[in-house]
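In this document, chain identifiers A, B and C correspond to the written order of the chains, with residue numbering beginning at 1 in each.
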Amino acid sequence: MVALLEVNGLRAFYGQTQALYDVAFALEQGGITTLLGANGAGKTTTLRAICNMVRTEGRVAFDGQPITGRATESIVRLGVAHVPEGRGTFTTLTVEENLRIAAYTRGRSAEVKRDLDQVFEYFPRLRERIQQQAGTLSGGEQQMLAVSRALMLRPRLMLLDEPSFGLAPLIVQEIFRILRRINEESKVSMLLVEQNAALALDLADHAYVLETGRVVMAGPSSVVKNDENIRKSYLGY
Amino acid sequence: MTTATPADTATTPAVPASPMAAAGADRRWVWIVVAAAAALPLLRSVVPDIISDYRLFLMSTMMIAAIAVLGLNLLTGFNGQISLGHGAFYAVGAYTAAILMDKLSLPYWTLLPIVAVVCFVVGFLFGLPALRLEGHYLALATFALALAVPQMLKYRWLEDLTGGVQGIVLLKPEAPFGLPLTEDQWLYYYCLIVTVLLFWAAWNLLRGRSGRAMMAIRDHSMAAGTMGIDTARYKTVTFGISAAYTGIAGALSASAIAFVAPDSFGFFLSISLLIGLVVGGVASLPGSIIGGIFTVLVQNSAQALSNFVKNDIGLPYDLSPYSVYGILLLVLMYVMPTGIAGGVVMAWRRLRR
Amino acid sequence: MEQLIQQVASGLANGAIYACVALALVMIFVSTDHINFAQGEMAMFSTYISWQLIQWGLDYWIAFFAAVAISFVAGVLIERIVLRPLHTAPVLSIIVVFIGLLAICNSVAGTVWSYLIKEYPTPFPKEVFGFSGLIGAHQLGVVVVTLLVLSLLFVFFRYTPLGLAMRAAAQNPVSARLAGVRVDWMLALGWGLAAAVGAVAGMMVAHIVYLDPNMMAGILLYAFAGALLGGISSPGGAVLGGFMVGVLENLVAYLGNAIEKGFGVYIIGNGEKLTVALIIVITVLTLKPSGLFGRVVVKRV
């Protein structure tokens, strides 16, 4: 079976500084994979490199098709939805507009309406705020909005960059519960970057560990979770 | 909301500064050039066809333009404050000189210090509101200034002083001490002395503490502030000095042409200075000279160029200096963003490698 | 009194023109942070194109729409060809390129059509609106046409998916890319629309100020003043600002005239139009750079 996303020899650069060194991993169709690592290990950069948002070398294939060097928006249109660090809210637009952007190539058809209903079914709170300016939403609501915007793209793969960042634990639990539902019901594969390793390992079925721009460990979540080094460094017990 | 991310604004400088440092030119060469320039009129008896009075006059206007471009360069090139309206300060200098000569009958050689002070004050005052503006906004404010200047010079209450639309007719300076020089020859020497003095002063300013502070503000204003540089004072004073330089150039030109009128100080003048700046080299002293020479050359050869296009190529169009400027401005930004001076330095470095 | 009302009415007509140019400036500013110094000369050039088409025997409105379409395409091309490569260039380079564009438009128009002042026709019949005196038929037509254009643009940006995508691209280009929006093309489209709106303004004003290559310089300055007054980051504000500046301009001239009549002292008149604009520009920039209706831009280090 061909992997949904295959990354080989991925290098990324910020100006002269190299941030990734030959990162390689693969994602299975339908699964949730997490990238773990300390600050500056290259987790966010890996997500950005997949979408060609930094200067990148190496090979990235989505569904068997090479996507390296393609424009970010083309990669997105292939079905790779990136939920960025900091949520990327269009603060001056309304919640509805924030969602409709992701479907703008599809016009205002009934199909878009159905997708909107689907999204509101996952996040009923957003329906209540539909005409509100997105900049006035709380952090948790903006994170929900970011996930919803990604869903509106009808993605096959979702890249999630620290969805728990800066949110209260209860909200985080709610969002992660919904992420699992989205994975199961909408058949969206996920690549999750998280500081909160315990949370990520609970949700994911596979894990890769990054250190200073290199993959140092990989395996099923259950195995990684029980690795002594990982426990000490990332789980804190 | 700005579209530029914080990282973008931090890494993109305000101006494409030339790699040639302020004190980059070899001193020996400077003396050779100055000596050659001083000897030039003496060759007149040897090769009268080449060194004509008219050519000397042209070279004087080139020096005047070089001083004006240097003034703009001090502000924009070395301090990062973009001005599209430096023609205004040129006008203030020219009119101050003309009015002092016309109304108070002051001799021309007493004018430059007065003009420098007047223009410094005017520049300093304009620099105060400019403190709150950066990049595009400052460009916008000075653009508006450039457009409004001719109209302000025609203001009815000033007509007694400025001569309104008619302007003021002046006398050309004559050689002092009974020196056997024609008006154009004396003008040439006068301009040469002033040019050398002003460039020397600018060189001294730039290689010292103040110069480093000016450039630090250009490269990263906020960081310069945290390093203890009084950015507000430096920026306003630089505005004043810059205006004084350009104003002196204006005063010299009033003497040289022996005439001032509002419509010669319009937007086109400001554009000429801008093109002198970017053609010669942003943040480069020799570049200012190249820029000055260039603007005069374009304006004087435009007619010849136009005839060439009409008669030899056969196109029924008048080619104005404006069109040459426009095309050059565009092309330069792609091919040689640091101007001729910067381009030469880069080519030289590549050759030596 | 009647004279005052007349001044306000014709101020509104001028203001409509300033509003269009101001809106064109804002459309480019919000998406790129650039101030297009060539906006006025581009509009002037569009007006010459329409004039040429009319000379060749085309009906006014056909020439009008053709010129708008040509301007749109030209605007898109200028963004793609001239400005795109300078995406990360220093501010000075970009400003210099705008000035270069300005000089090229002006000099090419001058060479091709000469610097002689030309009459430009009006499409509005003289007495069709059934009254005269208070406001000329052409002036009323100008207000109607510009309001039409402004409402069309409002509907486009507010209610169409493409308009939404353009707003999104302007507001947050990174996020817009991640939502699959082709941001580069949105910027180019914005340029095209700005050029088209500018063209409308040029063709409307040419009958009033007569056609010549320098006709837009003062108008551009007033549009700047309007855009700044209303808020250069706010399209609605810029439009309002344009109208305000148009009325203000006439009121200042009226007041100056009244003072001269009443006290015999000349203070200000039509000769100081550009100076008034300069004063507005500098006052707004120093006292309230975000304008009356704009958002304050917070600068991060």
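Everything below uses one rule, namely that a residue touches a chain if its C-beta (ideal position, glycine included) is under 8 Å from a C-beta of that chain, and two chains touch if they have at least 3 such contacts.
Note that the structure is predicted; figures quoted are calculated from it, not measured.
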item	value
From chain B, the most remote chain by mean C-alpha position	A
Chain whose averaged C-alpha position falls nearest the assembly-wide average	C
B-C or A-C, whichever has more C-beta pairs in contact	B-C
Centre-of-Cα separation between chain B and chain A, whole angstrom	55
Length of the line joining the C-alpha centres of chain B and chain C, rounded to whole Å	31
CA centroid of chain A to CA centroid of chain C, Å	43
Multi-partner residues of chain A (each touching 2 or more other chains)	91-92
Contacts with 2+ other chains: residues of chain C	171-172, 174
Residues of chain B engaged with two or more neighbouring chains	1
In the complex, chain A residues that touch chain C	51, 53, 71-73, 76-77, 81-82, 84, 88-93, 97, 100-105, 107-108, 149, 152-153
Partner chain B, residues of chain C touching it in the complex	31-35, 37, 82, 85-86, 88-93, 95-97, 99-108, 110-112, 170-174, 217-218, 221, 224-225, 228, 233, 266, 269, 271-275, 277-278, 281-282, 285-286, 289, 295, 297, 299-301
Footprint of chain C on chain B - complex, ascending	1-6, 8, 10, 12-16, 76, 82, 84, 129, 132-133, 135-137, 139-141, 143-145, 147-148, 151-152, 154-157, 222, 267, 271, 274, 278, 282, 317-320, 322-323, 325-330, 332-334, 337
Chain C - residues contacting chain A, complex	161-162, 164-165, 167-168, 171-172, 174-183
